[in-house]
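Provided herewith is a single structure, encoded as C-alpha cells, for subsequent inquiry.
Chain nomenclature is as follows: A, B, C, D, E and F, assigned in order of appearance, with residue numbering initiated at 1 for each chain independently.
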C-alpha cells in the first residue's frame, strides 16, 4: 500500500525528508510512504488566505497521485485546506484532512476536546472546521501559543512549555483530550511529551492523519462521491482536464 | 458611497454590464456601483474546486478596491468563496458573502428556510456554509434544480418552473422562507416571481447582498479583525505584499 | 422611503426628538425617518413584564403605519417585544427587531459574539432571544452593566467605562464581536467609542436596526406570512379590527 | 394545597366550571383546584398577538393568587404566554406553562416528540417555544389540524379523527411521543383516546400541567429568581405596584 | 397509589429505612412508598462499571413490581443506570430516572443549570446523560465535590460547605439552577439548605424523582413503548422470561 | 501487535471462527487477531436490556486481555454496550466501540449519514449513541430492516435486498453515507455490495472498528483516563479486584 504525504507549501527538502523519516517510523510495515511538496505555495499557513493559496498546486499533486494508483494521501496542513476540492477531483484514493481527522480521533479517545493552535489568526477557522466536522458541540476551547509556524522548532523546549501551560488551562476548562492544530507541531513530536506530562490524550495531527489514512486505504474507504461530486464540467466532458477549469480571458 | 461587485470568474463583458445595470437599479441613489471581473478564474462555480480557483485573482481585486477607498464589496458567488481570506487582507471595506448574507436575511424575514441551488454538486457545501453562518439549525433542506449555472438563463421559464416545483416542496417540508443559492439565479430575477407565486419570502442573493453591503458600508460596519486577522507575515512585515505570500521554489 | 421608529413607551418628547435627529443622521438621504411614541406603556423596559406591557399600544402604531403606506418600522426596544405579533398584523411593512437584527449583524461582521445588556433582570431573555434567532450557538456570553435604563445617559463616561470593562472580559472569553442590548445605549453612541478602543465590532442596535430596515424596505423584503400568519379571526372576518380581538366580559 | 387554573381569556362560566370539574377529577385528593378567568382578553388564542393581549389581566390574577397564599398556578394556554413575566412578578407560587411542561413530559416519557396544534398560525411559535425549553433537538415536527380553537369541541369525533391522522403521520416521521398544543384539546380528553389507538404517549397539556404543578408545589419548587428577576423598578421601590409600571402620558 | 423506590445496590437496612421515612414525608398522603434494595450490586455507584453492575438485579425488582401492580418506581441512582432497559421490560409502571428527571425539573424551574456530582469519575457520564435528555444545551457545567458517596453523610457540614462553594462558582458561570447528581446527597437534604443560602433552585434528585413519579403515575403516564420496545425475543415468545435472555454456554 | 475481538454473547464456536477468519483477512499483516467469546450473555443483542446483560462477563475478558498485554480490543456489538466501563477498567489497551467508530468513519468519508439497524427495538438507542458520539447533528435518519439478528444470515439475499431498499430511501433523504448498525450485518459483508450498488459509502462496522483499533493501537492511542476514570474504589485500593465491586448481601 502506498500513501503520499503532500505538503501544500514549498518546504525545504531536508525538512521534507525528516518528515518522511518520521512518517515511515509511524507507518505500518506494509505501507510505503512518500513525502511530496508543491513547487509553489505559502511558506507556511497561518491564515485562510495562505490556505487558499496552497490549493491549486496541491490539487495537481493529488490528482497525479490518484492516477499513479496511490491508495492514500495525507494533506499536510491541519487546517484541511482544499480537502473537499481534492475529494471532488478524485474517486478511489483516500484523502485525509488532519484537522478534522484529529478532532474525530480526540472524540473517539475521550469525548470533549480543546485545540491548541499556532497563532491567534487561525482560531476562528478552527471553530469553523469543528462545526464542519460535526463535532463543534464537543469542542471546549481553542487557544493559540502565538509562535509562528516557522519558529516552532527553533526552541522546542519553549514551544513545549507553552503548550503544556495551555494544556493545563484547557484541562481545567473541561477538555478531556487535546488536539494540536498544526502539522509542524506534529513533526516536533511534542504531543507525546504532553500526553505523558498532562495525563490526557494529545492528538498529534501528523501521526493521527497517517494512521487513519492507512486504516481507510487498506479497506478502500475513500470518500462519498455524493458528498463530493466530480465538478460537473469535468464529469460531462465539457472540459477535459483540471487545467481547463481555469479560464483565462485573452 | 462606492460599492464594487466583484465577479470571481472571467465573465463576458456584456453580461457584466447587464448585471451592473440591475445592481444600479436596486441600489440606493447615493450608491455608485461598479462591476469588476477577474481576468482568470472558473467559467462558472459548481464545485468547491472552482470556488478555490477563483480566490487568488479575486483577492487582488478586493485589496485593490480597499486601497482605492471603496466602501463596500459584494462577492459575486453565493458559495462565498474566499470570504474569510478577503476579510483577512482588508480592514475597512465591508465585504459581503451573498450565501451567508442571504441565510441571515431569510432568518430575519421569517425563520426556517430552505436553499435552492444549481447542481447536486453544491449541496454539501451549502450545508457547510449554513453551519459556518451559525444558522444550520434553521435550515430545513437544500435542493438542486440541476441546471448548470451557464444554462440557467437560456430558458428562464424552465428554470422558474423548476424552482417553483422545488419551492412548493420545501414549503411543505416546513420552510417559511427560501434562499436562492446562486448569483446567476439572482440576476435572472426569478426570486421576485417565486415570491409572488408561492407567497413566501424568496431571497435573491444578488439583491440581498447588495443591500446588506450598502447598509453596513454606510455606517462603517466592516468585519472583525479579531475574527479575520491580517496574515501574520504581512502584519509583521516579514513579507511586503500579497504576492510575496506565494513562495515559488526555484 | 419612509421609516418610522416606534418607541414602545411614553418617552419625553425632547428625548424622542433627539433620537429622531440621530436616526436622520444615520439614515440614507432618501429615507424619511419619524419617531413615534406610544401614549401609554412602560417608562423603560427592564423585564419581560414591561416588554409585554408595551405591546398593545405599539401594535396600534404599527398597524396605523402600515395603513399609511410607511415602508419600514424599527421597533424601539432591543428585547424585540411583540415583534412576531406586529408581523402577524401587517403584511407589507418591514418591521425590524433590533435585538435579533443586531445579533445577525454581529454574526455577519465577525462570527462569535457576546451581548452587553442593562440589568441582570434581562440576561435570561437575551439568551432566549438568541435561541429564537437561531444564533444561540454563536453566543459566547451575556453580561449586564447593572445601570438602570433611565440612568444610562446620566453619566455617559461611567456607562462607557463599565461597558469597556465588560467588553474586555467577553473578548477574552472568545467573543469576536459585541452587541449592545439596549436602545438607550444605542442612542448614547457608546458603541462607536467602544469599537475604536477595543478593536472589535460593537453593534449599536439603534443604528443597525435602522440600516437593516432601510436595506430591506428599499427592496420590499417584508416578513414571511407563512411564519407570521394574520390572526385567523381577523383573516376570516370573524372580527373586524384589532380592537375586537380583545373581548371584554360585561 | 391550593392550585388555581387561570384562563387568560374571558371564558363562559359554564365552560370554566366544566374544566374545573375535570381538573378536580385529575388532581390529588389533597389539592384544592379553582378555575379563575380574566374579565378581558382574547376569546381564544390562535396568534402571538392574542397571546400578548392576554398577559396584563392574567398577570393581575397571578399576583393576586400569590398574595392569597395559593401554592400553584396553571397557566391556561399551551403557548405559555407571559410565563416569564408572571414568574418575575411572583416568588413562591409555582407557575406552570403547559406548553413547555408538556414538552418536558413527552421527553421524559419517551424521547422524540411531535406537537399537534390548532391552526397553521401557531406553528412557528411552537418551534420557538421548543427552542426556549431547550428541547428543540427532540422535536420531530409540528402539525396543525386547522380547526379553530372555539370549534374543537363542536364535533369531537371530527377533531379526534384529524388528530389521529396527524398522529399516525408524525409517528412515521419518528416521533415516539406526541404533545397536544392546545388546552381546549386537553379538556376534550382526546389525548387519552389517541394514546390507546396509536400506542404512543400523547400528552394532554391540561392534565400534564396540573400534575407537574402539584408535584412542584407540594415541595415548594417555584422558579429561579435569578432567571426571572423581579422587575428592578418594583424591587427597588421606584414604583409601588404592578399598575404603576404602566405609565400613561397626560 | 403505590410507588417503590428501588436501590440498585445492597444498602444496609437501617439506611434504607431512613430513606423510606424521608420519602414518606415528601410523598402525597395518598401515596404508599416502599424502599426495596437488591441483594447484590455495587456498594455505591461512582463509575459506569458500577452502574452496569447494578442493572440485572434491579431489573428483576422492577419487573416484579410491575407484576404486583405497583404504579410507579423511582430508580435509586442519579446516573439513571438501566432506565431504558427497565422501560423495555415493563409497560404500565412509571419508572423515573432521577438524573434526567432532575435536569428537566431544573430547566422547568429556571432554564440554564449546572450539576454538582460526587467524584470526578462521574463527570463525563453526567454530560452524556444531559445530551441523552435533550437538555445538553442548557447545561452550563458539571463539577464534582470529590467526596466518595459513602462518605457524604459522615460530615454533613463539610459536604454542605463544599457544595455551597461549587454552587457559588456555577452561579457565577451563569447557572440559574443547580442539580445535585447523587441520591445520597438527596437524602442528606442539603439541597434545601443550599437553595436558601444561594437563592437559586437546587434540585434534590431524590425528592424531584419521587414527585415526578407520583405526578405521572397518578395519571398513568408511563413510557413510550415505541421508544422502549419489549425485547423482541420476549415479545415473540422465543424466550419465556427475563432469565432466559441470559444464555449460558455449557 | 495483537488485537482481540470480544463477542459479548456466547456465540457458537463455528461462527466465531468464521468471523476470526474474516477479521484476519481484513487486518494488517502484522496484526494478530483473535476472537474471544463470553461464556454467558445474551444470544444476540436487540434491546438495551440485552446490552446490559452482556457487560459483566465482557468486562472480565477486557481486563484479562489488557493484563496479557493485548494492544487493542474490538467490542463485538454495534450498540457499544459497556464501552465506557471497559475503558474505566483498563488503561493502555485501545478499546473500540463499533457503533461510535462507524459514525465517525461515516462523517470522515462523507458528512451526513443514516444508520440501518436490525429491529425497531434498537432505533432509539442508535439516536442516543449518535448524540453521545457528538455526531447527532450529522445523523439524517435511523431505519430498521426488522430482521432478527440471528436470522440475518439465513437468507443473505433477502437481507441485502431490504438493506438496499432502505439505503435508497435514506439517500433520498440526504444521507451521503450509510452506517450498518449491527456486527452480524458486518460479517455478512453486505456493506461492500451495497456500496457498489448504491454508490455511497456504506460502513461495515466490523471492518471499520477493526481498522480503527489497529490504527490507534499501533501508536498507543488508548482512551482518556480523565474521561474514563478508574473506579475510585479500585484506584484507592478499597477493593482489590473487579469482582469485589459487586457486593453480595449475606
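Criterion: a contact is a pair of C-beta atoms (placed from the backbone, for glycine too) under 8 Å apart; a residue touches a chain by one contact, two chains touch by 3 or more.
What you are looking at is a predicted structure, and each value in this text was computed from that prediction instead of being measured.
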Open item on the list: Give me the step distance from subunit C to subunit F, shortest route via touching chains only.
Closed with: 2
Open item on the list: Quick check on subunit C against subunit D: do more than half of the interface residue numbers occur in both copies, making it same, or fewer, making it different?
Closed with: same
Open item on the list: So which of A-C, C-D or D-E matches A-B, with over half of the contact pairs the same residue numbers?
Closed with: C-D
Task: Chain pair showing more contacts of the two, D-E and D-F - done: D-E
Task: Rounded Å distance, subunit A centre to subunit F centre (Cα mean) - done: 27
Task: Length of the line joining the C-alpha centres of subunit B and subunit D, rounded to whole Å - done: 44
TODO: Please compute the C-alpha centroid of subunit B, do the same for subunit E, then give the distance between them in whole Å.
DONE: 52
- [ ] Note the residues in subunit C that touch 2 or more other chains, in rising order.
- [x] 111-112, 124, 136-137, 176, 226-228
Open item on the list: Per the touch rule above, enumerate the chain pairs that touch, sorted by label.
Closed with: A-B, A-C, A-E, A-F, B-C, B-D, B-F, C-D, C-E, D-E, D-F, E-F
TODO: Enumerate the contact residues on subunit F facing subunit D in the complex.
DONE: 124, 127, 136, 141-142
TODO: Give every residue of subunit E touching subunit F within the complex, in rising order.
DONE: 9-10, 39-43, 46-53, 55-56, 59, 82, 84-85, 88-89, 119-121, 124-125, 128, 131-132, 136, 148, 226-233, 242, 245-249
Task: Residues on subunit F engaged by subunit B in the complex (per definition of touch) - done: 111-112, 137, 174, 176
Open item on the list: Touching residues of subunit F toward subunit A in the complex: what are they?
Closed with: 26, 28-30, 96, 100-101, 104-105, 107-112, 133-135, 137-138, 171, 176-177, 199-201, 203, 207-208, 211-212, 214-216, 218-219, 221-228
